[in-house]
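Next, two complexes with subunit A in common: one pairs it with subunit B, the other with subunit C.
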Partner chain A sequence: MKSNSLGEFEELVLLMVAALHDEAYGVAILQNLEEKVGKKVNISAIHVALKRLETKSFVKSRYGGITTSRGGRRKKFYVITATGKAALDAQYSLRTSIYQQIPNISFGR
Partner chain B sequence: MNRQSPPKYLIQFLRWVCRKEVIEEVEGDLVELYILRARHSSSIARLRLFIDTVKSLRWSNLKKPKLKIYNSIMVSNYLKTGFRNIIRDINFSIINMLGLSLGLAVFILMIIMVNQEYNFDSFHTKADRIFEVVQEFDHAGEPELAAHSSILLSDALKAEIAMVENAVTAHGAASTWMTAKGERFFEEDGIVAGPEFFEIFDFDLKYGDREQVLLNSHSIIIDEQLALKMFAVENPVGELIEIERYGLFTVTGVMEKLPANSYMQFNFILSQDYEVFFEHVASWFPRWFQSWRGNPATTFVLLRDPEAAPQFHQQIEPLLRRNLGEDREINKHTLVNLLDLHFNSGHIGGNVNRFVKGDTTQVKMFVAVAVLVLIMACFNYINITTARSVKRTKEVGIRKSIGAQRRQISGQFLLESALQMLFALIISIGWIYFLVPYFNTITNFNISISLPIVLEVLPIVMLTIVLVSIIAGLYPAIYLSKFSADRILKNSMASGKGGSTMRNALVLTQYTLVIIIVATLIIVNQQYHYLRTKKLGFDSEQLLIVEVNGGGVRNNFQTIKSELLANPDISAVAGFTTVVSSYRDGTSLLAESFEISDTFFPIEFYGMDEDGLKTIDLELLPNASNLDKGLDSTSVYLNETAAALYGGASVVGERITIQEDEDSDFEFKAQVIGIVKDFHYSSLHEPIGPLVLGYLANPFEDIDDIVIRVTGPDLMSAVSFVEHVHNKFDENDVMTWEFLDDMTQRAYNSELIFRDVFVGASMVSLFIALLGITGLTAYNMITKTKEMGIRKVLGARYMQLLKLQGRSFLISLVMATLVASPIIWWLGIYWLENFSYRISLTLLPFTGAFLVVLFGTTITVWLVNHRSVKRNPVDALRYQ
Partner chain C sequence: MKPHPPKWALLFLRWFCKPDYLEEIEGNLTELFEQQTIKSPVKAKLQFCWNVIRHLRWEYLRGFAFRSSFSRGMTFSYLKTAWRGLIKQRLYSTINIGGLALGLTCFITIFLYIRHELSFDRFHSNAENIYRVYQHNPGYAYLESEYYAFTPAALALTLRDEFPEVSSATITSETNGLFSVGDAFFYESGYWADNHFLRVFDFELLIGNEERALELESGIVLTRSLATKMFGDKDPIGEIVTYRNRWEFEVTAVVQDPPTNSSLQFSFLLSMLANGQFQRDMREDQWGNNDYYTFLEIENLDRASALQKQLPALVSTYVPPNPYFERVYHIQPLTELHLESNFNFDLGLKGSKQYLVLFSMIAIVVLLLACINYMNLAIARSIRRAKEVGLRKVIGAVRHQLVFQFIGESILISLLALLMALVLTHFLLPVFGLWLDRSITFNIFTDPYLIPGLLALVAIVGIISGSYPAFFMSKLIPAEVLKGKLVGSPKGFKIQKWLVTLQYATSIVLIIGSIVIYQQFQFIKGKDLGYEMDRVLVISVFDRELMKKADEFKNEVLTNSNVLSITTTAELPTNVTSGTTIRHLGQSKGEGFNIYRARVDYGYIDVFGIELLAGRDFSLDFTGEDENYIINESAAKELGWSPSEAVGNQIRAHEPKTVIGVVKDFHSHSMHMEIQPLLLMMSGGYFTYIAIKIKGEDMPETIASVEKVFKQYSPYPFDYKFLDQEFDQLYKADLKVGEMFAVFTTLAIVIASLGLFGLAAFTVGQRTKEIGIRKVLGASVSGIVSILARDFLKLVAFGFIVAIPLAIYTMNLWLQGFAYRINVEWWVVALGGLAAMVVAFLTVSLQTIKAAVVNPVISLKDE
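Let's turn to the complex of A and B:
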């Protein structure tokens, strides 16, 4: 059985799929991610992440209509599933709970 | 907006490699990104698209080959059908596998041979740093290389030259009688070596300490076979061997038998005990032998860095100068790496007992033959399999109609060819055992088959099997899987006609190869026959040659001669400096020309006693100047070629000057007392050159051969009589003797090998080709059974039916002869250029090869068809 954990990049992609709700497909995710993270991301890396998320059933996909801007190919849209949302929530609460345990330290000079 | 489309080839490539499920997303995204990027710069967009495409080649995106073919149930079904097919058509299978196994056997033999030839001396771990010292001597202005150097060189090198890590002197040991445990053995294959020998070379010792074996004087190391022969025990270390004249030697070690791929060959090693070696030898000889002036030994050096080898001469020049003195010429000393010696030392003279020198041309020739034979065997497989495919079409049709894909069908047939190949491999082991002794006798490759060698070549053999199964199986696989299911099943007997063009082409190629090989054999054989039987200008029949090995015989030659002549079976006896024979050279000297003093031409010298001319039956030209004088130490004969250089017959009576080399102070002046008719004193590779025949007592050479003309019918009893006389005067040596015509033949050994290899190649290739023809004819016979029956009913005669069957082969054969002729012509001319005296190309090789193959084909066709043509046509018509 594959573990249903989330890698860092996968988590970013999943967050972006959730944020772009219903408008999330390869190129859109790429552009938004590059904007947010501020560094170059390769499209095939996103494809791989999406595929993994889909096999873990964190996202589901559907095809859009044919657009001329894509050489006649359809867009493959991704939507986050309930499991995906739950995974994000779990990740988020885990981080927050640990974060809150950090004693109040200051790094003053 | 200017819409640009991305490069088509990249997108097409993507579509070709990516799975259908992902192509939509990947291609779509890539194209969209391209278009977005192309708004800024199309070249960057193209570059990025390229990078993205490459990065998209992920395993999960790629198309996978349909894995169904590896389905174990199907594979076992393929194997089962494969086996059944082999057994059902057992005759065809035998034909197929005989050819394939023979081809494989020859090929594997070739791999073993090449493996051995190219791994000479590689068993020495330091081989890359071991070098042989080669000295460049001057001979009449020509440089002459020899592996000869002073025996003092190795110690001096070790002590004084930084680049030399270690060095050892080695040279041959005299052939001698040895006594062990009261039994006498005559041993000829020994060397004498310094104590460093086993530090440099990795010859394995079975018993004895590598560092000690040669350290003490009077030590002998023998190989395991000698140990068993002399002592009948495995480990005779510590036993004593008495060596004739030298005294007692202690066995300090036992070597393993030297591997066949060792350049140096010997079976015993003596320590350097010069005081006993030279006890009975004239005193100038040991002085020369053990000095810097003498060059009696071979030096091997172990360099610290092999790269430094080219600087060797430069480095040792001061050392040589100091030891040789100021006034002596210093010869150039160079180094040749041990690994290069086997193939690249043909031009280097001198040896330590026996060196195994290889011949790359011979290796290449054999590789070519082996590859051709294997290819022909593959052709057979292709031919027979496609021809038989008629029987398989139904199977293919059914497999296809229940859903087999073309890839699966071709996979099945490839698997079948691999299966047959495996069987063929097993049979080929039998062939190899049968072929190795034959192979070793006709060639000098002397291959041995042992487990380590087999393991070494196994990967290559396996690779060959895989390759051959693919080469041989691919065409049938493609061809058979091409049939469309509905066509096959509709007309129950789809014809195998589609493949017939291919089959004809392959038969044509096979015929061409066979004709080339057979014709070459005929040419080689004609030339060899010519070499053997050409009149040499003297009578070489029934001439017994006895080598003079010891002083006893040399000093008592006149007594021996008169004792020999007392035997009625011996008609003439003469002493020669070297007997005139194509196998051995005379003495190379220089003759001064008449017109201009101090200009010389090279001349070959042979000395003989007054009975020399008579004994070998040389013909003198009629003497113009009426000079009636016998041969003595002031007179010589010239041959016609030499006389021509002196202006012809008028030279008789004149005095000519001969000397050893241009700077020599000594001149030999002699009167020419006659001209002998030109005769072939050297091999027929060479043209006849100028020759001078002098007296046995001459300033250049001493007696070396006794030439005896035997007349009686019983040659062997004459030989034993001569041996009896010889042994009275030399009890230390075994008499070495040979008949002159046998000795002459040895000059043509490489031609003999060449011929024998072609005899083998011709037989094998003809056999394989005829196997193929057998298969095809048999197939034709089956498919045309009905036709034959009908023709017979309508009144066709036996011969007409046979002709019908053989016609297509005859056409192929005629065409093949036409194709092969120019190739044979070129090959023949090319090869014959090696000989000064050669046959001219006639039609015989061409017609001969044609007739041999025609005969073989006819017999084959007849044998295969005889029964069916004779058969009652009613049976034939009932068939099917």
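Let's turn to the complex of A and C:
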């Protein structure tokens, strides 16, 4: 079995899913991410990342109700799972612990 | 109006995208489009298209579902169910695998045979560049063909010296005779060949020098096996062998034995320079005597076609005109030699294109019959597997998984059948090869293409035979199946019935064919041939010394009281192949007609029991018999005379000769040909056969005493046959077609019956309750059997109707090949149908009787 590692972009998407909580679906994730990162992101990248996260069971999904907008298609909402949260925590603590090992250097102004 | 995303892009997305993902992707793309279109409609459209294209990733494509259905666990489960199915239903498995194995064996054997036939003469490294020259004499037919493999002595030399297109040319002719080395004798056959022979052909030289091997006038090249036979382990180079007790040859080289797929088969090559006939022809008659085979090496196709264009010019420049026929030379690639059957006096073993076509058709038909069988049995078995399918579907199997399962299963069964077929082929191939005069080899480990080829075959067979059951089974509706409702109304099994009908139609055609072929042979055998075949002993003679002492030999044999009469001849009455042209005395050279010629001796008419219509036989009481002819009725008619008118008249081939007798027409060729004009003339001491009419009593002793006399006169082997064996030889090819038909008819019927057996088992299983109720209400066993059997006999009857025109048409086509033939009679056709009907009835009865005698308590009890 492939190890459940988390790529950089996947991590961003997962963070965004967690942040948006119950309101995370494709377009919302895209727009929030573009706003935060300040770069254009293609929607297909988001879809791929979500699909991978789902197969690693870091997120789970449900469909919303039918609306008149979106060509009558339902929204697919994503929620982070316990495993997903654990993965984020592990990632976060790993980074922090290494970060704290950095000697206290100051870059001169 | 609300703006819409570009239609075609949307349709494209819906087309390629998996439905599982489509909802989300389409929704998101549309939402983005709707937001953007407020700002800039054009940009929004472009962005939408771009986004669609960005989603063209394989994980979104339809049809790429491998990940979900190819789990190891499921595959294992399929294998396990397949295996359990095989074990649990042994009868079905045996019929299934056995039927397929039979079909595959047949297919593989025929495939190997065809491959062998097509491989002829391709072992020469320059095979593509070797050509032979043949001669076409328009209007001068012999044995119904105007083409001759023989060419004149000077042709090879002229082509080599005068035509730059020809890189090399060789001349060769067949010979056979007795060699002596010390006290040991060897009767062998081989070729006269010039010193270019080993350069044009690629026969591997083991010892000796290729350039010089046949340059010496007294040079002889031996094959390895003959060298070993003659000299053992001793170095044969420089040893002296004596040919036909007269000429001494010195061994100059040893070559590898020609492979079995070579048209040129020899055990020795003699230097052409030592051939007396060749020397004479080169001196006196360079273009007149056509007695040699000419082979050329031409570097490429362009040069070959350039040479072909120049050949008419060659004839007009070099060849003196011939009053009887004009000649046209053609070149033909060596690789076509084996399957070319239309030439007179051709060399080598001959294959037949018709055979190859017939055999391939049979291979495919038998394999298809076996596949159909598999389908029928698999559908029949589905009744028991319906619940399995239902359960799998309930648990979540999707249709393509089931299709995969069933096709996989049939591939597995084909694989088992293949293993069985390989074993069968291993044992059958030598028998088959012997029957066809071929030695076909079969080793799957040394042949790089065989294993992949066979696996591909298994895959194809598996897919063909598994596809219908697979699609049929995967369509079942789980709710109904699991409720216990039996699958498939009779309507659903229509295809199965068609298949059985087709199988029976094929079988009936084959049955009728076998009967007609058998009848035709009985007809030929029973037909009055015009000569007697019984108790005529024929000895083949190659010994020229014996020819000189023929009279003493004859007299000594005649002292045995069981010998009735004896004669010597160059032609047996079964097949007269020699010919000439004759005409009336007043006619000029071109006006005559072709006539077959038998060179005979005193007593010919007597030994073979030929009837004399007018005049007399050659007789010792007269002198100057060399100046006389005896002709047959047809020849007299061709000359415009009645038998009695002909006697005493003169005709000429070269010199005028007198007709002294007319014999009744006899079949001097096979029944494929009409009786042709024929003349008998005194052979002048030359002969190739001694024919002896003996009494019916003590035949083995008579033969032994003849052999004893023969051994006193000749060191050659005593090679004898009875005339009827010689006669059978004429119809060897036809007999083989007949035997083949018999074998494949049996095979087809067996396979068709297996199919019907399966179908019967299925139907009976489905109607168990109906039978039970009928019995309760008082139906008799015979009544029930007839109700059940009726349905199947209807199928066979329908197959019969389809088969009638097909059988009559094909058999008439075959009979056209005989000048003397029977008609396809209605009762033969009826018999074919009846036979199929009986076989079908017996097959079905096995199942129906079993069902009919069951106590209804048992059949009605369940649930």
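Just so it is clear, the second predicted complex is superposed on the first by the 108 of 109 C-alpha atoms of A that agree within 3 Å, B and C clash if a C-alpha of one lies under 4 Å from a C-alpha of the other, contacts with A are read in each partner's own complex, and residues count from 1 in each chain.
In this text, contacts are C-beta pairs under 8 Å (C-beta built on N, C-alpha and C of every residue); 3 or more make two chains touch, one makes a residue touch a chain.
None of these values were measured; they are calculated from a predicted model.
Engineer: One more residue to check, A:R74. First (subunit B), second (subunit C), both or neither?
Structural biologist: A:R74: touches subunit B and subunit C.
Engineer: Touching A:S97 in the superposition: subunit B (first), subunit C (second), both, neither?
Structural biologist: neither
Engineer: In the superposed view, which residues of subunit A touch subunit B and also subunit C?
Structural biologist: Common to the two interfaces on subunit A: residues 25-27, 30, 42-44, 47-48, 51, 63, 69-71, 73-76.
Engineer: List the residues on subunit C that touch subunit A in their complex, please.
Structural biologist: Contacts found on subunit C: 5, 21, 23-32, 34-35, 51, 54-55, 57, 59.
Engineer: Can you tell me which positions in subunit A touch subunit C when the two form their complex?
Structural biologist: 25-27, 30, 42-44, 47-48, 51, 63, 69-71, 73-76
Engineer: Give every residue of subunit A touching subunit B within the complex, in rising order.
Structural biologist: 25-27, 30, 42-45, 47-48, 51, 63, 69-71, 73-76
Engineer: Can you list the residues on subunit B that touch subunit A in the complex?
Structural biologist: Residues of subunit B touching subunit A: 5-6, 11, 22, 24-33, 35-36, 51-52, 55-56, 58, 60-61.
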